[in-house]
Amino acid sequence: MRRPRDEPRHEGACFVKISGAATMHAPASRVWAALQDPEVLAVAIPGCERLEPTGPGTYQFALCVGVAWIRGRYAGNIKLSEQHEPSSFVLSATGAGIPGSASTSVHIRLASRSDGLTELTYDADGEVGGLIATVGPSLLGAIARRLVGRFFTRVDNVLAGTTPAGWAWPATGS
Amino acid sequence: MNEAEQVHEVRLTVNGAARTASVPARRLLSDCIRHDLHLTGTHVGCEHGVCGACTVLLNGAPVRSCLLLAVSVDGADITTVEGLAGPDGRLSPVQQAFAECHGLQCGFCTPGFLTTITAGLQAAPEPTDEQAREMVGGNLCRCTGYQNIVAAVHRAAELRREHEGAAAVPRRPGPGDVR
Amino acid sequence: MKPPPLDYSRPESLTDALRTLADLGPDGKVLAGGQSLVPLLSMRLAEPMHLVDINRLADLAYVTRADGQVLVGALARHAEVLASSLVPAAQPLLAKALRFVAHPAIRNRGTTVGSIVHADPAAEMPAVLALLGGTVRVLTAGGERLVGARDFFLGVLESDVQPGELVTEVRFPVLPAGAGTGFAEVSRRRGDYAVCGVAALIALNDRQEIEQARAAYLSVGPCPRVLDLTEALAGAPADSDRLPAAAAMARELIHPEGDIHATAEYRRHLAGVLTERALLEALAEARDRGSADFGRQPAGNAP
Amino acid sequence: MSSLFGARVQRVEDDRLLRGSGAYLDDLGEDALAAAFVRSPHAHARITGIDISAALAVDGVVAIYTYRDLPQRLAEPLPLLIPHPALSHGRTPYPLANGEVNHVGEAVAMIVARDRYVAEDAEELIDVSYEPLPAVVGIDSARRAEHLVHADVPGNLAARAAQEHGDTTAAIAAAPHVLELDLHIERSASTPLEGRGVLARWDPQARRLQLWTSTQTSTGVRAAVAAKLGIDLANVDVITPDVGGGFGVKIVHPWPEEVLVPWAARRLLRPVKFTEDRREHFIASAHERAQEHHVTVGYDDDGRILGLDVRFWHDNGAYVPYGLIVPIVTSTQLLGPYKPGAYKVEFDSLYTNTVLVTPYRGAGRPHGCFVMERTIDAIAAERGLDRTLVRERNFIQPEEMPYDQGLIFQDGRPLIYDSGDYPALLAKLKDLIGWDQFPAVRQAAAREGRRLGIGLACYVEGTGVGPYEGGHVIVETSGKVKVATGLTSQGQGHQTVLAQLVADELGVPITDVEVVTGDTRRFGYAVGTFASRTAVMSGSAVTLAARKAREKALRVAAGALEVSADDLVITDGLVHVKGDPDSGIGIGTVAVLSNPLRYAFDEAAKAATQFAGGGDMNRPPVAEGDEPGIEGRAFFSPVRSTFAAGMHAAIVETDPDTAEVTILRYCVVHDCGRLINPQIVEGQIHGGVAQGVGGALYERMAYDETGQLLNASFMDFLMPYVSEVPRRIEIDHLETPSPLNPLGIKGAGEAGVIPGAAVLAAAIEDAEDIPVRSMPLSPSDLFELRRVSHEETA
């Protein structure tokens, strides 16, 4: 009858794990290239205000991101690693800002389809700390899902040509 | 953040007296009452609207003063705990009942209960037990276990009836009245 | 816990308000009751912004009935909607659900429209609007658009209100004769956001059989979720013992998440239990309300 | 003389509190600067840099401090208040983090600004760079010790302590039956409606510090602040204003803010105030309760315990400023009213990267009671015996008092129960709840498809812990009586009960008695308010002080009236000859006569001046060894604690569909010795029961595995509203006087909370027929228990 106590005791903790899939309207090689392109990342990362390369596969960013009224400014670093072109890589990001700190590691896999499109799947582990974690944890999963969804939609829009690379987010975010 | 914040002139009627304060837009009504108007009887227990310690009467209806911006209630009529006793200094029926029933311990949450019940008894002068509990259902108390607070609601209703005609708070526009 | 610096305008007319909002664009935020916004500001989860306080727009503080709808203006407080004499007959679900909205002191200030715009998936009013297939009236300086409930809720705390827009009214379809509503929820403490909640609607035909059954769920996803349960109940008599089948159907269709108060599994279980309870109440009300209008109008704007 | 002792006297505190004229910490210091703190968002991290430049530029910011600004003594860790030989690795926090943070909420930087709004603006602009370290969260993680909270504390083990009475292993080995149980209690917290707060003023001319703090121990704060800031004790005043609840969290001292705020006030030559907000209270004050227990118990066919072995693990959070008090109390007090044959207990106190743990009302007892009472219920279930019968068979009998449990208690003294009648308490409880009638009630309910259960739990509570308290009583020439005691008050009605005692003792109207607590200007020696000790300790002390004042008053009046002091009594403030209440002198006049004066300030004083006549010209105006004034000062220091006891029973209904739990009845029988004011005692019980219900069904600290507290608000930390507490708490009293103090009283402040988790677990278990081994229990938890139980049966 003993409950395992070292497992996270509550669902919906600030340790956010999300998985998903998206169909990208381009061949895998183009999707791969887009996801490595800082200009595309700057467009796709929700609320991205600044993204500067600091080395091979590493970037500094500043963003203002949020959902509805819950909104915060973050600054931090992005690293692309475990690159197996054109099939998979890991995007890691850590950031800190007014509502708290966040870090995430997204494992992205690309699979070519026979129709020339690409099936993208991802698994993200996120960790959120600080204010937002202590007062709004039950919202985090849904917010994270929405932000990740926006990211891939944006990338796809760039690939499809509906959003030009170099397009900037409005200063206040979405 | 270094530009001086714009201040707004706020005119309120507080416990029957005209008061003014100059506040920035972000000033919470609770802080305005406590620190600008120096009426420290209204207490702040959570600042997110859950505990009810900061409850005041806004045009006769209980509201959380920590969930209001002072500037937004410009022109309103406000009753705080300091305004509950009679002009002669006599405790109101609700206050008297709390004393008789041991309805308070540390006293920190008490002003919110007193204002809430004062308005509640206007609406339900002879509350059933269910109504009495409903009346205080949104206020947290960590000391009393609520037993004596509910008893005090009933006792206050009794005292009000005894002081027939002497309403605890003069009739002000109610929640249904639109300003 | 103090709000960040804010800019502030308090328009005296709707025209002023819309002009101000148009000028401000994405920086402008509407302040009505503020019962959700102010704590977010105090916790500094919301960025500094320019508040457009509509509390002087007394014309928007109405609850009326017109064209088969209950119209609730942007400045009508929950308490006023609850106290409105036309609500119990015109749309009893509003009153039933409003009793679960926080506590009286919050209802005295918080507005029904604000609650819907705020789009908290755990809140009662968005689910009620979604269930009834109500409409949101959105104004800009340039015009008006009407948004159906199904399109209005976009995600957690996200609704379809664009910069420069003001929601002035929500419209809840009047409950036709022969239809009934029910509301049931479980919250940890009385007045808390629901662990799970269900609003239900049943329409009977003139043979006193269930013709249509719907339920809306709160706290089971990012938006209010409306399920058509007619398939489980169609043709059942008004004293139906087939409600468990509807509950089972609901359990199958929803996919709630767990949080610190409840596991996903418990939420799913509750969704079933509460579906049954809400449907039972709806069924009783539908019987009481007779079936004079049967067949001529659906229960609400069916989604 | 009509006695106020035992009367339901209305509280003297209430009038001003009801008018909104109370003075709580944040009501003071309108001219003070506001302090706010940057607090760690990480449970465990190294600090690699702090950039305050942007924040310093904010208009209205006066100063920002980090660890590097702290002078020598402030740069040391805060004191370890209660050392213990077993506490081999005691660690306490720095006032501001020194390079490492060990829980979310630990203070990293202090901002002093024009007001709190501006201070929070600046807070957002302070850029702290952290290098996160792995966090240790929960007892299992601490025990596994794959990561360490403090690099120099192996195994995360702050302390391991053991006690034994008898040969437990042998007793269990020889027992006919043996059971093993794992029992768990989660974290909760005191959560007073008013958070902590400090206001400091430094007077540079007088070189004097005045400090107001929302504390349970003003003398403790005073000594700590004087030591940390290097100020002579005599130049520090600590004044406790009205305190909006404490429940334990305010006994810890000095909190970082209690030394930083006065330090800043002295440095800036401006008054400075810190008012803790609600979120800070959750992540920067103290929690309690989290423990895992493993019980091995041997017993006979009748359910008599022959040997009890308890091993438990205590989560002490990131630091242990309050030593091992909580686990020591658990380890000694879990025995309750029972004599277990042989008893062995061992505990580990473990560090985790969470908010530190210090006593919360009940302090270790709710967990101990839960362990013992669950164990007894398990024995009863296993033997098929009535749960009350098993308890009766294990009770210490009244004729065995005083009873030595053979252990050392939290005050370092032998655990010897002074008094009590446990069989009588149980009989009262069974009557009150209708224990024997319950099976019929249950059946009737079952016929309606309702699920009812009954449970009970017993406890013994060491109260009135030493070492001492003192009191001072002075009669003013107006006849008014001023009383001071050093310990503090957080709403328990101390002013009222102490006034009752003094009014009785001095024979004056209670309206003439004014009691001041927790003001070091009025009384400098004190310990503090905790462990249900005020009535016993300060009650006895002010009684003894009033007795001295009374003797003096009678002696002076005897001289003036030319009668023997033995013939005099005081009634309604009038000193008169027994049987002649109409002629005598007012006690105020006696005060005038007791103080020979040179100067007259009013008509009363005139009578005591040097030309007023009277007095023996051959003796000094103040006799050798005597003092002017009608005053008494006394201390009370008992040989050991008193032991109050009580038993609770509850009937609950569980919803078969939603798994919600409703408490239908809640009954309490209680023995705190003689009752000074039954209304106040009942109020204490009510509040305790509500907290017990909170701890059993609603409140928990929801940490995730990274050490984030997910419910740091009243939205998600579910303190009960009126709708969650029993509709009526039915109370009966038993009074077995304590022989250990002049009043025969035992403490009552904490009792109500102790059996909450135990009694509700028992009742839910009874309703559901599923073992309940872990509390609190939410509907979701009960749903899960049902599911697992269903699977196991299937």
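Labels A, B, C and D are assigned to the chains in the order they are written; within every chain, residues are numbered from 1.
The rule we apply is simple: a contact is a pair of C-beta atoms (placed from the backbone, for glycine too) under 8 Å apart; a residue touches a chain by one contact, two chains touch by 3 or more.
A quick note: this is a predicted structure, and the numbers were derived from the prediction, not measured.
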Best-connected chain pair, where connection means C-beta pairs in contact: B-D
Geometric centre distance via CA averages, chain D-chain B, whole Å: 30
CA centroid of chain C to CA centroid of chain D, Å: 45
Whole-Å separation of chain centres (CA-atom averages), chain A against chain C: 32
Euclidean distance of C-alpha centroids - chain A vs chain B, Å: 47
Multi-chain contact sites of chain B, meaning residues that touch two or more partners: 1, 24, 26, 47-48, 137-138
Contacts with two or more other chains, residues of chain D listed in rising order: 117, 121, 124, 277-279, 702, 710-711, 713, 715-716, 721, 723
Contacts with two or more other chains, residues of chain A listed in rising order: 10, 12-13, 98, 131, 135, 137-138
Set of all touching chain pairs, with the criterion as stated earlier: A-C, A-D, B-C, B-D, C-D
Of chain C, residues touching chain B in the complex: 1-8, 10, 31, 34-35, 38-39, 41-43, 51, 53, 55, 58, 61, 75, 77, 79-80, 83, 102-106, 108-109, 190-191
Residues of chain D defined as touching chain B within the complex: 10-11, 13-15, 17-24, 26-27, 30, 57-59, 115, 117, 121, 125, 191-194, 242-245, 247, 277-278, 490-493, 679-680, 682-683, 685-691, 713-715, 719, 721-723, 725, 727-729, 752
Complex interface listing, chain A residues touching chain C: 10-13, 64, 66-73, 98-99, 131-132, 135-139, 141-143, 145-146, 170-172
Contact set on chain C toward chain A in their complex: 26-27, 29, 37, 40, 43-47, 118-119, 121-122, 155-159, 221-222, 257-261, 263-264
Touching residues (chain side chain B, partner chain D) in the complex: 1-2, 4, 24, 26-27, 34-35, 38-48, 50-51, 53, 80-82, 84-85, 91, 95, 98-100, 102, 104-111, 114, 129, 133, 136-150
